[in-house]
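Remarks on the structure that follows.
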Amino acid sequence: MITHSTDSHRSAFFSEVIEDTPGGEQLAHCLQCGSCGGSCPNGADMQYTPRTIFAMINANRREDVLSANTMWCCVSCYFCTTRCPQQIPITEIMYALKRKAIAEGFANDTDAPALAKTFTGFVEDYGRSFEFGLASRYYFFNKPLSMFKLVPMGLSMLARGRMHLKPNKIRQVAQLQAIIKKAKEIGGAQ
Amino acid sequence: MKYAYYPGCSLESGSAAYDVSVRAVADALGFELEELDDWNCCGATEYFTQNELVATSVIARNLAICREDQTQLVAPCAACFLNLKKTDQLMATHSHVKCQVNEALAAGGLHYDPGRVKVRHLLDLIYTDIGEAKLRQKAVKSLKGLRVAPYYGCQVVRPMNGFDNTEYPMKMDELFTWLGAEVVDYPVKAHCCGGHMTQISEDAAFELIRRLLDSAVEYQADLILCMCPMCQLNLDAYQGRVANHFNKNYQLPIIFFTQLLGVALGLDFQQLAIGKEIVPAGPVIQAKLSAQAAGASA
Amino acid sequence: MAERVGVYVCHCGSNIAGKVDVEEVAKWAGEHVKDVVVARDYKFMCSDLGQKMVEDDIKNEGLTRVVVAACSPHLHEKTFRRACKNGGLNPYLLEMTNIREHCSWVHKDTAAATEKAKALVSAAAERVKFQEPLEPTYVDVNPTTLVVGGGIAGLQATLELADAGYPVHLVERQPSIGGHMAQFDKTFPTLDCSACILTPKMSEAGQHENVTLHAYSELEEVSGSVGNFKVKIRQKARKVDFDLCTGCGVCVEKCPRKVVDTEFEAGMGNRKAIYMPFPQAVPRVPVLDTESCIWFERQRCGACQKLCPTNAINFEQEDELIELNVGNIIIATGWKPFDCHKIPQYGYGRLANVYTSLEFERLCNAAGPTNGKILLRDGKTVPKSVAIIHCVGSRDLNHNPYCSSVCCMASLKFAHLVTEKTGAEVHSFYIDIRTNQKDYEEFYQRLLDEGVHFVRGKVSEVTDAARSENERGKLIVQAEDTLIGRQQRFPVDMVILMGALEPQTDARELGLKCGISCSMAGFYTERHPKLDPVATMTDGVFVAGACQGPKDIPASVVQGAAAAARVAGMITKGKVMIEPVVAAIDEENCSGCRICNNLCPYNAIEYDAQRGVSHVITALCKGCGTCVSACPAEVISGAHFSNKQIYAEIEGALWDAIRPAGVPGESETAEVSAS
Amino acid sequence: MSTKANSAETGAAAPATKGKLAIYWAASCGGCEISILGIDTKILDVAAAFDIVFCPCIADGKVRDVERMADGEIDVCLFNGGIRTSEQEYMAQLLRRKSKVLVAFGSCASEGCIPGLANLHSKQAIFDNSYQDTFSTENPGKVRPQPESKVDEGTLHLPIFYDTLKTLDQTVQVDYYLPGCPPEADRIWDAIEAIVTGNLPPAGSVIGSNTTVCDFCHRTRTEKKIKEFKRTWEIIPDPDICLLEQGIICCGIATRAGCGCLCPQVNSPCIGCYGPNGNSEDFGARLMSALASVIDSDDPDEIDEIIRKGIPDPVGTFYRFSLAGSLMRRGKRPGAGNGTGHTKANAQAS
Amino acid sequence: MSDEQFEPKIVGFLCNWCSYRAADLAGTARIAYAPNVRIIRVMCSGRVDPTFVLKALSMGADGVMIAGCHPGECHYIEQNYKAMRRFNMLQHTLKAMGVEEQRVQLVWASAAEGQQLAEAIDKLVADIRALGPLGWSKNWEENGERIKALQDIVNEHNEAMEVPR
């Protein structure tokens, strides 16, 4: 019935972020209580806690936010989201920030985008993903050195028939690709 | 009872053990899982970091290809469960998402009305639809003597499971108490296993894994029960390296809850793919249960 | 014969005239609105001269209806009704339309604003023609008052009225009056002992000649209306004869059955099956709890009965219903504590040494289970470090969105008591410290001197999962210290949860009985948040204390006194006016379909089975008009808001819209004659 | 021509005291005429009191005869049926002119009745449906009725078909109303008596009672709370309890008494043919308001569910007899997403 | 009203205790909103009879707003729920008549929500402006040939009369 105004005097970046996050309007209500930063399993490693990030978004500090490591610490455990007293969809906002960071080439000192790309690469080719390809391709291109550390583990996995060497392909790959193509058109490929 | 079944990629590769045990348990408990025809990957958390609409559309395809009569979709994998449920909810609560996703689906000749398919997690199904009475009746082998640490992880219970507490879930605890196991009530049962951090920043991931293993050990658990392939992989496959990293020595088997449930239902390890895990669980279960049996007969 | 309508358009200085062309509006009304015989605009209609103008026109121009286009009727309807009265016209033949708040102040374009003003005036003018003269009725006020709730707010109200010489019936659900305040140890910010200042009031109420105490009783039913309520009170069976009992306490002493006291001791201590909640209880008559009594379990024991020197114990005693007539009702039913189990991450109920604020009050109360010693659950260890968590279930959309307003000060009090009694290190975790009353901020300053650590951050979880040796065996409080922007872990021995203040579980139920409404949260809604804070929408029913919203002791006392003052006012006036804006059923044509019967929240509609018709009890009707619009036979009429009046208003408001065709005389009619 | 001369020509033998009665039939089913015959032998008394000067359905008589009459020459005209064509409007105007007292006779004339339900759709939609889209229609030439058709003898005119059906009083001034589909014989007789004896209510009002059907219903009533509206075929209602309280939508609560509560007596709900009670403006609105008020839920979704499930055809339920005469009008999207979309025309429109 | 754009005429039924006061508040706070809504005060949204809405529409209004206290906060305890039920019922019927839902809107606004009420009004006006005029009062009127057709009948009959008998 009654719609709350989201435009008004918000910072440009603020509007941008909630634009990109379903339910993001709640961000306007952040109390700066820090229950998010306190809840995060990786909270200790963050250079800015989510709460701080929100304050920075409000202050329109675009660059600082997008170059922060905060969202890359997020493991989508949703503790912050369920605990937030203002019901801000924090995890989703982290996704939104990740998307922006990647799109605008901020995310350089993390391997997450690479992993993501490799992963979705498979999905778009086969319709499904599979660990071996994922691991091998991802590590080969991104952290060849640490590959060796993985060998014993890989082997034991292999030994237990837990590593398939070829992926399963879905029948309707074409259909899926069409959907993805369309979605990218509408959503503006990021 | 008949449900549409969405195994998800891990269950057909790395975590086949989960898939095998799920199907075995389904047979034993007498409910039917019909694999969703030509399902595609849910994109885990990876699509959301790139393009929200693509992410939701890719997921929505799976909901859209459900037949009219497939109104309940069961996903054992946490990430799949959350993604499917989340997408359905997003479409239901945000009309623009609904429109855009359907526009995308239309490109593949598909359409989905939010709410048509009810996304369920396997645990919910077994706990609610099968229920205590039936389980007790079907259970042929008591799990007495076995100290199990139910591990829920994150994405089944949060942000929206609709069947258990998001902070301190109890359903798996109850389920295995029914089956006679000693359930250890340890504080971190719904904390994070590190997720894909194992791939990105091992130090971060190892710390998280350590917390879980430590706590379980502190509470003298014989094994940890998982309901998510990623959790199982991290706790099991990385256990050795985590041990070295903090120079400790864990020997804590990590299996899927359906595997132990199967044991209680009288299925043998083969049928349940027990032995696929890296830290072997078979011997532990054997030892504890027979010890108990011996104690009982003596 | 046609009405003679006078239209008055106010400039309100430039407030209206600045945006609306008032002269034009008045001129237009005079020329275009049917039956308008006088149309004037004036600088300030509410001024004496403005009112005089209306009076004179009524007298000289023989106006039969008056329209004033000015500000909100909520501001000046009374004013102009008076003017009409003085002019000899029934006040209800006035209609005010709001061209200031609803027009000149909210529209940018003068032309548009003027157009709207015209529409509003025409609407009012069309409506007023159908308005009817109404006469308010007056009823006598019964000087007896019912006070529901024997907490500090209720006590205050009771004593104010009783001392003023008016009879009061005080109803309390618990075995003793005193409320939550009786459980407390000290009161902020002065730290004087709660019992010391409360018990005198309690005993005074217990002995006062004008006060009739109904402890261990509940309000069952309310009927009637302002001035003359009929109330039913359920006196729950104590199983102890009130008149015979001397309060010697032998029964309690001899009772073999011990149970945990979840009420007064908040689960921290025990009581007997027959008990007096606390030593200074008023009335000093024990209550037998049949749930736990051995006699009611298996007809054995009966020690109390055997040993009572006055044979006051009566196992057969039943609840009894007491009927009273009262003129006014004061609701002071207070609050209930938030159930901390609802926030599992704080571990209450799972981790032994996590306490609720009420538990802690008992813990440091000299008369409490540990005689005022602050100890862990093991009953011997003194905590070396204590964490206090604010806003547990308050300021949290997942539980209660509102601020519970007392927790900040209470937590400061606790911090002080802990440091004073144990010397333990205290961490107090807050979102904002709110100390906005006299001497509260000073108290905060004092605590800062006492070396309490205030950590700005809402605690994320309390756990016993140690990550390092120094955490082993401790409760670890994990939170972000937002002032340094870092996640921190604080190992402590004891955690105190400052749970929210919530409305009583049956608040809505009681509200319905008395015909008063609740906010979303479930606190009673006052008539006006600023200007009428203790009255409610139901005349003769007042609210005081935490049942109207979270409040500390001083604020509750103020409201108790305020409510009493309002009631005293009603009583001294002796009569009360009843608005004539009510519904009426044309019983001649009512067919008794009974659609309307359960639509009235005030039960003002009664079905007469004999005659097979429904009728309205005028004294109970509040004039909302819901039944009027529900009546399928259109035989219920609403005074001052009749269908005729509203239809006319609609038509007037749309004077400039295209009229429908099909209505004879309008649109092109095609009368063709057969030559 | 003078009135006298004229009367001499037509109703020759008529004694001066005998009044002149006209009965006309516009857009209606003819049931009203049957009902008039329902007054049985009393018809003779009518004949005694009146010359029936014009009644195409029972006696021969030409429009031109009426045209020839002097204005106001007819004492009473019972006009049934709504106005759907130019001819009907012409007759309405003609008879209005010629009659002292014009009575809107029956539901059609008073409020549009069943023919009025066609107002859900435009003329276009109706023609498409009846001349094209119904499955049983073969009309490759897309033939439609034409107002003008040239023949050798000249041009023939058909009355034109209006976009909407109007009630009599939306076309001409009406003196009295006699509701009912059809009006009960007894009520008709009451009305005729009233007219003859001249003790009539104020002009423009309904000749009939001012209470509702419930007044004459024997069923026991208690307070109403409705959790589910039921269709008549869904349950066999208890014969002694208020139908509404059993979930069946009974219009008796809002319908003017007069029929003697016929339907509820045979365990079937009142459908409101006697129209609204008192001087209420909109029968449907009265029903909607009353029924909605007693829905037993405060949750918007549940309320919606109850309404959608229980009342698939709201217009047909609330305005079965009164659509044309009500305040309700069709929107720009005729029949969009409504419960009455059972014709192809409609299906396309929506 | 300025320039060419369609200015809908809207009638608003506001309850005396919450929404009417919300409108007062919007005024005292000088929150500007569209001037198209003409406010009619009723004691409670529970007084709003579907007839009022239909009356307004048939009198030429393009839309109607019904505003009351938030559910659970009604000053008459629960009467706004009746308003809600009637609103849903009326919407159901209007929909069947092909009237767009946005034309009649139900709004909850507490006495403190001047801003929200103003926004709701602006939204309502925008919605209806987008829909264009309702034209209820018009669509009962007849197609143009009507007059001619009537005249034709007269002429025909006149001709017929000239036939000698």
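For reference, chains read A, B, C, D and E in written order, and residue numbers begin at 1 within each chain.
Everything below uses one rule, namely that contacts are C-beta pairs under 8 Å (C-beta built on N, C-alpha and C of every residue); 3 or more make two chains touch, one makes a residue touch a chain.
Just so it is clear, the model here is predicted, and its values are computed rather than measured.
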item: Number of steps on the shortest touching-chain route linking chain B and chain D; value: 2
item: Chain pair showing more contacts of the two, B-C and C-D; value: C-D
item: Relative to chain C, chain with the most remote C-alpha centre; value: D
item: Chain separated most widely from chain B, comparing mean CA positions; value: D
item: Distance between the centres, which are taken as Cα means, of chain D and chain C, whole angstrom; value: 53
item: Distance between chain centroids, defined by C-alpha means - chain D, chain E (Å); value: 27
item: Intercentroid distance (Cα basis), chain C paired with chain A, Å; value: 47
item: Inter-centroid spacing, chain E versus chain C (mean Cα positions, whole Å); value: 35
item: Multi-partner residues of chain E (each touching 2 or more other chains); value: 49, 51, 55, 58, 78, 82, 86, 135-136, 140, 142, 146, 150, 154, 157
item: Junction residues of chain D, two or more chains touched; value: 67, 89-90, 93, 166, 170, 280-281, 286, 289, 293
item: Multi-chain contact residues (two or more partners), chain C; value: 345, 599, 626, 629-630, 647, 662, 670, 672, 674
item: Touching residues on chain D, where the partner in the complex is chain C; value: 67, 89-90, 93-94, 166, 169-173, 210-215, 221-225, 242, 244, 252-254, 257, 276-281, 286-287, 289-290, 293-294
item: Touch list for chain C against partner chain D, complex; value: 588-595, 597-599, 607, 612, 626, 629-635, 647, 662-664, 670-672, 674
item: Chain E residues touching chain D - in the complex, by the definition given at the top; value: 49-51, 54-55, 57-58, 71, 78, 81-82, 84-86, 88-90, 92-100, 132, 134-136, 139-140, 142-143, 145-146, 149-150, 152-154, 156-157, 160-161
item: Residue numbers on chain B that touch chain A, as the complex places them; value: 9-10, 12-17, 38-41, 43-54, 57-58, 61, 90, 93-94, 97, 100-101, 103-110, 154-155, 158-159, 166-167, 191-192, 194-197, 199-202, 204, 208, 237-238, 240-241, 275-278
item: Residue numbers on chain A that touch chain B, as the complex places them; value: 20, 22-23, 41-42, 45, 72-73, 75-79, 81-83, 89, 91, 95-96, 98-99, 102, 110-113, 115-117, 119-120, 122-123, 127-132, 135, 138, 146, 149, 153, 156-157, 160-164, 168, 170-172, 175-176, 178-184, 186-187, 189-190
